Amino acid sequence: MNLSIARRRLAPVAVVGAAALVLAACGSDPDTDNGDDADSTETEGSGGDGGSGETESDLSGSLNGAGASSQESAMQAWIAGFQGENPDVTVNYAPDGSGAGREQFTSGAVAFAGSDAALDEEELAAAETACGAPAVDLPLFIDPIAIAYNLPGVDNLQLGPETLANIFNGTITTWNDPAIAADNPEATLPDTAITPVHRSDESGTTENFVEYLAAAAPSVWTHEISGDWPAGLPGEAGAQTPGVLQAVDAAEGTIGYASAAAVGDRTTAAIGVGEEFVEYSAEAAAAVVDASPRAEGRAENDIAIELARDTTESGAYPIVLISYTIVCTAYADANTGDLVKGFVGYMASDEGQQAAADAAGSAPISPDLQAEVQAVVESIEVG
Amino acid sequence: MTVDTRIPAVSSLAQNQLPRATTPVLLVLSLAAGAGLSAALGFSWAWFAVFFIVLFAVVNTTVSGVVEGRRKATDKLVTTLVYTAFGLALIPLISVSWSVVDNGLERFGADFLTTSMRNVTGLNDQQAVDGEAEFIGGAYHALLGTFLITGLATLISVPIGLLTSIYLVEYGRGRLARAITFFVDVMTGIPSIVAGLFAAALFAVLFGVGTRNGFAGAVALSVLMIPVVVRSSEEMLRIVPNELREAAYALGVPKWRTIVRVVVPTAISGIASGVTLAIARVVGETAPLIVTAGFTSSINSNPFSEWMMSLPAYVYSQAMRPLSGSVPEPSFDRAWAAALTLVLIVMLLNLIARLIARLFSPKTGR
Amino acid sequence: MTTTANPPPRQATPAPRAKARPGDRIFSWSTRTAGVLILVVLAGVAAFLIVEALPTFQADPAEIDGGEGFFSYVWPLVFGTLAAAVIALIIATPLALGIALFISHYAPRRMAQGLGYVVDLLAAIPSVVYGLWGIQWLAPRVQGAWAWLADNLGFIPIFTGPASATGRTMLTAGVVLAVMILPIITAISREVFLQTPTLHEEAALALGATRWEMIRMAVIPFGRPGIISGIMLGLGRALGETMAVAMVLSTGGFTWSMVTSGNNTIAAEIALDFPESSGLKTNTLIAAGLVLFAITLAVNMFARWVVSRRKEFSGAN
Amino acid sequence: MSKRIDVGDLNVYYGSFLAVEGVSMAIEARSVTAFIGPSGCGKSTFIRTLNRMHEVIPGARVEGKVMLDGEDLYAANVDPVTVRRQVGMVFQRPNPFPTMSIRDNVLAGMKLNSKRMRKAEADDVVEQSLKGANLWNEVKDRLDKPGSGLSGGQQQRLCIARAIAVQPEVLLMDEPCSALDPISTLAIEDLIGELKQNYTIVIVTHNMQQAARVSDRTAFFNIAGTGKPGKLIEMDDTTKIFTNPSVKATEDYVSGRFG
């Protein structure tokens, strides 16, 4: 091969190489205010509690977690806030899904997991092997699920649990059905056909919604409870939250369930709880969590919650999704342990919960629960 | 000759010929009639197009068939069909491209290309929409990741794929070649998520559980890319005429040099096109990359350690899980801008492929 | 370029016949190694798939989704996969061949080059974008047409109503897939059409063939294996496409109707359910992946058979 | 069948480049006319204009007239397809359709025109055409085998059979023997002798002995230099051209004294 051939051959390579060099030289992180704000305000007060006594700026390195996609936008806010306080730290969160997150956590592939469901017994055992100590579930993300509908002219729809279940069941097929009219004595209901919209992907949102239906309207909702929408029911399906909302927007007469934060300006239904109808709100969602008992038979620090879906407590909104952060109670690697303590501590702090509420629209956990989580985080053994 | 199957004797060459202007005139008439008919039904572009095309095809073919005979009529009908196919295909293709460009330009720019998503939250988006702050957050980390991962995947796949196709076309005889052909076909059927899981499992075995980095992503993409490269290169090498090979052998050129200097350069334009297609095939893959390369909002320029973002994963997460649920528009804009970036990257790759093709291909009139 | 990247000759097998030149030996050895490497990778993937899928076949049928075993779980998905791919191919193949012919034999040369370039680019648009486009642009526009089909041709099983209110049906997914595979089939067909020997085109024209007759006599027979390859690559993508279908299709249980919501494809089912799945469900999904694998294999074998059946009449050699 | 051709002041261009300039000639029916001349002088370009095959080459166009029994091939409204139906062509390299059998190759042109042919009828055409091309005895047992399996000479005769199967008026041959061995060449030359009973034949050749052997009239083309257009120098009876040409350049060329 003579020289000119070699040169010709290398030319494109050189072009690509040059492009890559230029590319590598010109990128940077954006200027965000989050970090500065966090530093200047109440840094030491709340975020610092989560740390293990060291000053936070000592933290460096990277921390990887994986799990529920429901937590992704809240996680982005937590990561941004935490990285703002600790510029040398990089936290990554892969929204692979709850199942994948738990699996990776129990095999030791990631240091923490996000999951819409608590670890089951088998997973607890596997996690204990991977961690060398028990793993615990910490409820740090509470997301009300709103019932959004598209029915021009009807603004303040109220739906009792059985009516809601019958709508998604396909038993009630038009909006002027007597059952809906009974729940809404003052509304003028059109005879539009009802198109229920559900998630086409397996999701924690679906699982929590059908759990609610099964608990609050047990005689109507007899389908198996899982993250998959029961097969064979009529209606439309959409992928992920935007897919569902897009389908709700696309046609009149639709009704669907979605994370409240994403619902935005769409009209939503108030849900029948006991004798009253409750609109979703952060407080109403936190209320049902506080009113719910703990799951039994778990490790002492574990805070898995058995949601009281059929609660009749006034002002509680029962359709909520709880997403857990799963961590080990001891980390062999000191740096990872410190990072987890710092990061999860930040998540549980006032500031962290507020950041998630602002950015992702989640409901902050109550101060009691917050204190309880902080205590668990404190007790994580490092090194 | 005893048999005469010709059409009745042709007395003039121009006999049975329609005037040149026939087709344009019919075209205009059909346009008008199509517009009229669709207006009668309440005007819609779809009906207009359907009426126009059907009318034109029928009338033009019939007129030609009556005057010029069946063969010319068939030819005209096919010409109409080819143009129609082309026009029809343009609709979605233009629409898709327009969606990407129109929506993508909203956020696309130097700032978008040179900043990462580190520390950007839904709050920033909400403030930006309320006009309280600048839009921030770009795709630099994902852009860099896509470049590195796809580049590595290409470096792995093209040599393997091209060499394999050369083996199949030039050397392969017997059972091994048949097995490779067969299994390359099998490989085209690997669902992308399976390729990702396989690569993740492979890296878990080789480098420990939970290993995710750009290189693992590149391996996953290679599994998807290799069969496309093999199949398209094989096709292009096969249509290189044997005469060329024989001419080279006759000059005493060894077989391998014949292949490298004669066969491959002859087919290089097609191969480059195939490689571009192969890259295009994998550059938009989301699922296999998340399970192998990870997911991050920070910059990482080392494909061999730590998690790395890619553009399709970026598009997917911004589009399907906006940073801020209540004001998703800034995230959607980012998703479109990243899609536009992806298309521009492939355009660049395509240009490079064409450059390579031009440098190596024999100069011909075609 | 990569053909010069010869690995070191250490492992070169001893020349079977007299003395092959070292260059030849190294080169043929490296091509063969590349081929064998593919087999190794594939064996790895297959082993991974089978090991991961195995628990599904050993499990109690009642534990599989739907409670009636793997087969009854997977066949509606197989139906959906094939339906979507068939719709896509029926729409895309004639269009793609039309565009390819237009570019190679009808359009002015300068325009043709530009068009070829644009078509190549379209193959690059990520499937998420096709998904977004399908939901936002296509579905609302075709909803009316599907409703019309359901109203007027509802007696045909595949058009049974009621049509979906949002237009996100199997037929829409098929159209989106068709648009996605259009550039693939076009690009490959165009390349082979352009490679048709002038000799044969002239032979046809000199016999007094019209342009179409020339294409039928010389271009298409010559390009047939290439066209089939292109279609197979397109079909491979249509069968395996995940995100676009997952986003566009309103998934559900089995139905014959293509204009109402329902049905799902294997790839989309995996993409939608894999992240949140755990335990046996994961194995079941991977087993479904294995089935997809088998389908693609069968289709490819069929295509190879079609091509090889008339090998002695093939254009090259 | 067979018609005469009159060419009047024909220029051929490739884009803006003038390739052949000012050719006028008369080609008699039922005769063989040979075009000779050095490479690049425009013989092949010119012969293609006689059935408008030059239009296949991008950018090629002509000015002037080509009359086929008094009808202008280039008149408005004349379809090149109709022209080629009447003026067949055989090319330098044999080009049977590789995807067709021998039988289908012969019938290729026929099938374009007749909607349906009875099998017996088709068999008859195949046999007559192959006999006409002196190929019948060699291939009659393998009519269903691909045409590309034949030898070069056989392939070329197959192409001739294919061309005469549609019974054209004129047969153009562009160096039909340049890719063939002497025996095949002889076979083709014999064939040309027979074909001229029925067809007007125009042949381009580099082989002057061949021109002398087969043709009745010969046209000599020459080119003044690179980049200059090719021109028709003189055209006369073959014996006259080879024994007593009227132009010096022709004499130089046919006697081998050409540079």
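A, B, C and D label the chains in the order they appear, each numbered from 1.
In this text, a contact is a pair of C-beta atoms (placed from the backbone, for glycine too) under 8 Å apart; a residue touches a chain by one contact, two chains touch by 3 or more.
Going by UniProt, the chains are B = Phosphate transport system permease protein PstA; C = Phosphate transport system permease protein; D = Phosphate ABC transporter ATP-binding protein.
Just so it is clear, the model here is predicted, and its values are computed rather than measured.
The chains in contact with chain C as well as with chain D are B. When C-beta pairs in contact are tallied for every pair of chains, the largest tally goes to B-C.
Distance from chain B peaks, on a Cα-centroid basis, for D. One finds 36 Å separating the Cα centroids of chain A and chain B. Look at where the CA atoms of chain B average out and do the same for chain D: the two points lie 44 Å apart. Per-chain CA centroids place chain A at a distance of 80 Å from chain D. Chain contacts: chain D has residues 58, 81-83, 86, 112, 166 touching two or more partner chains.
Residue positions 71-72, 319-320, 356, 360 of chain B each touch two or more of the other chains. Shown for chain A are the residues in touch with two or more other chains, namely 9, 69, 95-96, 100, 239, 243.
Chain-to-chain contact here is organised irregularly, matching neither a line nor a ring nor a star, and falling short of all pairs touching.
Chain pairs that touch, as defined above: A-B, A-C, B-C, B-D, C-D. If you check the complex, the residues on chain C that touch chain D are 109, 197-210, 213, 217-218, 221-222, 224, 310, 312-315. Residue ranges on chain A touching chain C, taken from their complex, read 1, 9, 68-69, 95-100, 102-103, 116, 193, 195, 200-204, 227-228, 231-232, 235-239, 243, 246-247, 250-254.
Residues 71-72, 74-75, 78-79, 81-86, 88-89, 92-93, 95-97, 99-100, 158-164, 166-168, 170-172, 176-177, 179-195, 197-198, 201-202, 223, 226-228, 230-232, 235-236, 238-242, 254-257, 259-260, 264, 269-270, 273-274, 276-277, 279-281, 283-287, 311-312, 315-316, 319-320, 335-336, 339, 342-343, 345-347, 350, 354, 356, 360, 366 of chain B are the ones touching chain C in the complex. Listed in rising order, the residues of chain B touching chain A in the complex are 113-124, 126, 133, 136-138, 140-141, 143-144, 147-148, 151, 204, 209-210, 212, 290-291, 294-299, 301, 306-307, 317, 319-328, 348, 352, 355-356, 359-360. Residues 58, 68, 71-73, 75-79, 81-83, 86, 110, 112-115, 117, 121, 124-125, 128, 132, 166-167, 198 of chain D are the ones that touch chain B when the two sit in their complex.
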